[in-house]
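Two complexes, one shared chain (chain A), two partners (chain B, chain C).
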Partner chain A sequence: MRVLLVDDESELVSALAERLSFRGIEADWSSKCYDALTQMERKKYDLAVLDMKMPKMNGIELKKKMQEKFPDMKFIFMTGHGSEDNYRAGSAEAGADYFLVKPVDIDTLVEKMNEVLHK
Partner chain B sequence: MKGLKPKFWDYQDVSADNRERPFNFRRMWKLTIFLTAGVALIPLISLAIVDYHVTQRSIESENLLRTARLVSNARRSISFFFAGHRAALRFIVKENRFETLNKPGSLEQILGNLKESFGGFTDLGLIDPLGNQRNYTGPFKLLGKNYSEQDWFKEVCKRGAYISGVFLGFRHIPHMVIAVKRDLPNGFFYIIRATLDTKNLNDLLSGLEIGGQGDAFVVNRKGILQTPSLYHGKVLEKASLSVPKYALRTRVFEEKDLNGTPFIIGYRYISATPFIVMVVKHKRKLMKSWYKTRFDLMIFLAVSIIVILGVVIGTATYLINKLYAADLTQISTLHQVEYANKMASVGRLAAGVAHEVNNPLAIINEKAGLIKDLFIYKKEYGGDDKLLGLVESILSSVKRAGTITKRLLSFSRHTEVNIRSVDLKKLIEEVLGFLIKEAEYRSITISLDASDGIPPVESDEGKLQEIFLNLANNALAAMKDGGCLDIRIRPKDVNNVLVTVSDDGCGIPKKNLECIFEPFFSTKTKKGGTGLGLSLTVNFVREMGGEIAVESTVGEGTTFFITLPTKMGRKERRNI
Partner chain C sequence: MGQKPYIMAEAGLQFFGKISASISHEIKNVLAIINENAGLLDDFTLMAAKGMAINPDRLKTMAVKVMEQIGRADGIIKNMNKFAHSADDPIKGINLADTLELIRSLSGRFASMRGITLAPVHHANPTAVTTMPFFLENIIWLCLDFAMDTAGAGKTVGLACEETKDGARIKFSRLEALGEKTVDMFPTETEKALLDVLKAEVLIDLEAGEIILNLPKNIEA
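Let's look at the complex of A and B:
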């Protein structure tokens, strides 16, 4: 499983990527949306974990751009700005497979990743 | 009296702001009553006063007129009486020469004819120029009696006729004298003198229709009664009334006696006689019918005033009450809008804070998680259980902080109306989460008991949170440390769920129970209470088609009963 993590908080996303790697998941990370799109050109990812609110481009827009290039890609959203209900409508519209509220429990994240990929 | 007091009477805005109140209800109520009652009562009372005086004056004038008419009639009768008797005597002296009248037996025959024709003649005498009674017929022995020194003889010699007043004379019974003189061309004259009893005169007066305990009598010019009086003395005694001033015509005036009793007195001097005819009436007796009418008028006026005042006060109270209620609703709505805005601001602030805190929390979480992973997955870092414990502690604190931020976000996002199915138990647990720390510090036990199979209620989650937060906050405020707050959720019937919120606090006095749901009613105004909490709670419950009730015993505690429908009606959806 190859995962791309995108969040403007690099401290968060770098630690999360390292933790995932301990669990056998190949995880790359990026703190900028455009860097993430470039990264995707170079490497194929099964799943992207995106922050909902980021500067210049939000998670939903980024997801649309990614999906244009890789229609089979799966997505999980993370947000620190609301609870589950807040983004239910928005993420459903954007076609997110799942989303989690920060701070994220790593085991829950891994569980949801597996769930999304094997759906 | 307490029940009659209008709702707005003791109203004071306890919302503790300095907003200028557009209405002073008590002043407006007084002004409305004053103006309306004034407009209605002033013309009524003025009309009543004018009518009272006009009617009274009219009745008084009528009484004076009737008295004057009675006096005139009496005067005419008495004048005719004397004129008739005098004319009869004058006829006798003109028809009969002195010698004829002086014959024995001639006077007896004439007296007999007079008695038969007029009545009232007692005797008849013929007097020569020297004052000697030359012939006499009557019950006394007066033949030869000389009258030359008597006043009446001088008077008749001078004026040709004389009518005396009533006197006792030698007979000791009231009588009067009429004398008529005949002058002959040779200078000789003779006088015929008749004595009349007063019966006919008395009958003349007693036959008058006076009415009103009135009295008609004759006095002479010295005020001595000449005929019997019912109330003012006996014959030939001084009348209790003073002699009225001389007047050619009939006079009527009002006078009070020593006791202050008012009389209407009418009188007339009778020309060529010493008599004054008087009619005296009791004014109060004459005015009796007026007094009755006046009493009826007063009763009518009093009843009218009471009815008008009652209607005016009732209408003013009703209208001002309505105005007061409308004003209260308006203010309440304004306060609710302010409150909603404030809540929205607080919500936005909470959401911002939660977001700002969530990101660093997430970093701490991941960094601490990474340390933990390093301890677990890398051998060079592993084996230190103490450090692993510390990391676990950090992670559990982050989880706890995360729960708080989630709760804050959950609360703040409900500032906008969103109707959906709500799990009441979960919602109340979430609300109690805000109060759990305060309860712990104060050793207050909070229990939430939900029976199985409670259906979700269709409602706005934000408003439900505010309802239960308000009730729980009020309960905590009313309770002493170590108290017990008990919340139960039970299905009430197929369509409703009943939530009871019971505390063992100070309770609500009975007099306050009726007012606690009214806007701005607060017993905590000095502690910053706005009096809006329960009012908003009631509004929210009603907006959702629910009901709220309260039971309380002072010193034992209070229980609120909130009934919520499981399905919200179309009307409620529109109103919410």
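Let's look at the complex of A and C:
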């Protein structure tokens, strides 16, 4: 499984990527949306985990751009926002395969990644 | 009774809500980073139990990251506390530079989301005014919000305050995109109600690309 994690909090995604690698998941990360798009040109990913609120481009816009190039890619959104219901509805509307609220539980994340990729 | 109290109450609640939501979002991010570093530590402990060596430098790096995030959260909460207490006294003597700096800090995430940089507050001396602190913060926030909208992504908004002959002023500068069209949109009825109660005025200098907020030295005088 190849995963790309995108969040403007680099300390968060770098640690998360390392923890996923300990669980046998090949995880790369980016703290900038445009860098993430460039990264995708170089390597094929099965799934992206995207923060919903990021500078310059939000997670929904980034997903659209990623999906234009890689229609089979799966997506999980995450957010630090408290209004979970709004974001759950918003992310479902945007076609996310799953939605998580920060702080993320690593076991739940891995479980959902497997579910999303095998459904 | 006129509409003004309702407009101001609505503006105040919206302001308080937006700032509180932004603070909670920032704290959630800090907690998420601490959570991942604690998780990494846990992963390393499990690996050590299986006989893998742990690099002490790696552990030190994680400890430093956690301490940095605690410092970040402490700063966020200090600002939140200052902001919450600004509604304690209806009228109070304040240092305008401190208030402007507080709103600048509280607006950091809004600026970053728009790809905008807020320049450090420029001020020569402490600028003391007696005013209504919460309403002042509200109007500064609204001016800054409009300034950020006007500036657009990739730009820097300048912030300065200084004493004037009969009071003080705040300048929001480097707004090259200010034009007749945008000026028509500001100030709205909400800003006008706040300006009225603060005995303040907003001037827009299209040539200089500045929004100027003039305040009296003492609102009670």
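Keep this in mind: the second predicted complex is superposed on the first by the 117 of 119 C-alpha atoms of A that agree within 3 Å, B and C clash if a C-alpha of one lies under 4 Å from a C-alpha of the other, contacts with A are read in each partner's own complex, and residues count from 1 in each chain.
Quick note on the criterion: contacts are C-beta pairs under 8 Å (C-beta built on N, C-alpha and C of every residue); 3 or more make two chains touch, one makes a residue touch a chain.
Here the structure is a predicted model, which means the values were calculated and not measured.
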item: Clash-or-fit label for the pair chain B, chain C on chain A; value: clash
item: First, second, both or neither for A:Gln39, with chain B first and chain C second; value: neither
item: Chain B versus chain C as contact partner of A:Gly80, first or second or both or neither; value: both
item: Partner chain in contact with A:Pro55 - chain B first, chain C second, else both or neither; value: second
item: Partner chain in contact with A:Gln67 - chain B first, chain C second, else both or neither; value: neither
item: Region of chain B that runs into chain C when the structures are aligned on their shared chain, from 368-376, 440-448 or 566-574; value: 368-376
item: Residues of chain A contacting chain B in one complex and chain C in the other; value: 9, 11-12, 15-16, 18-19, 22, 80-83, 102-104, 106
item: Chain A contact footprint on chain C (complex, rising order); value: 21, 24-26, 28-29, 31-37, 39-40, 43, 47, 65, 69, 112-115, 153
item: Interface residues, chain A side, partner chain C - complex; value: 8-9, 11-12, 15-16, 18-19, 22, 53-56, 80-83, 102-104, 106
item: Residues on chain B engaged by chain A in the complex (per definition of touch); value: 351, 354-355, 358-359, 361-367, 369-370, 373, 376-377, 398-399, 402, 406, 409-410, 413
item: Touch list for chain A against partner chain B, complex; value: 9, 11-12, 15-16, 18-19, 22, 80-83, 85-86, 101-106
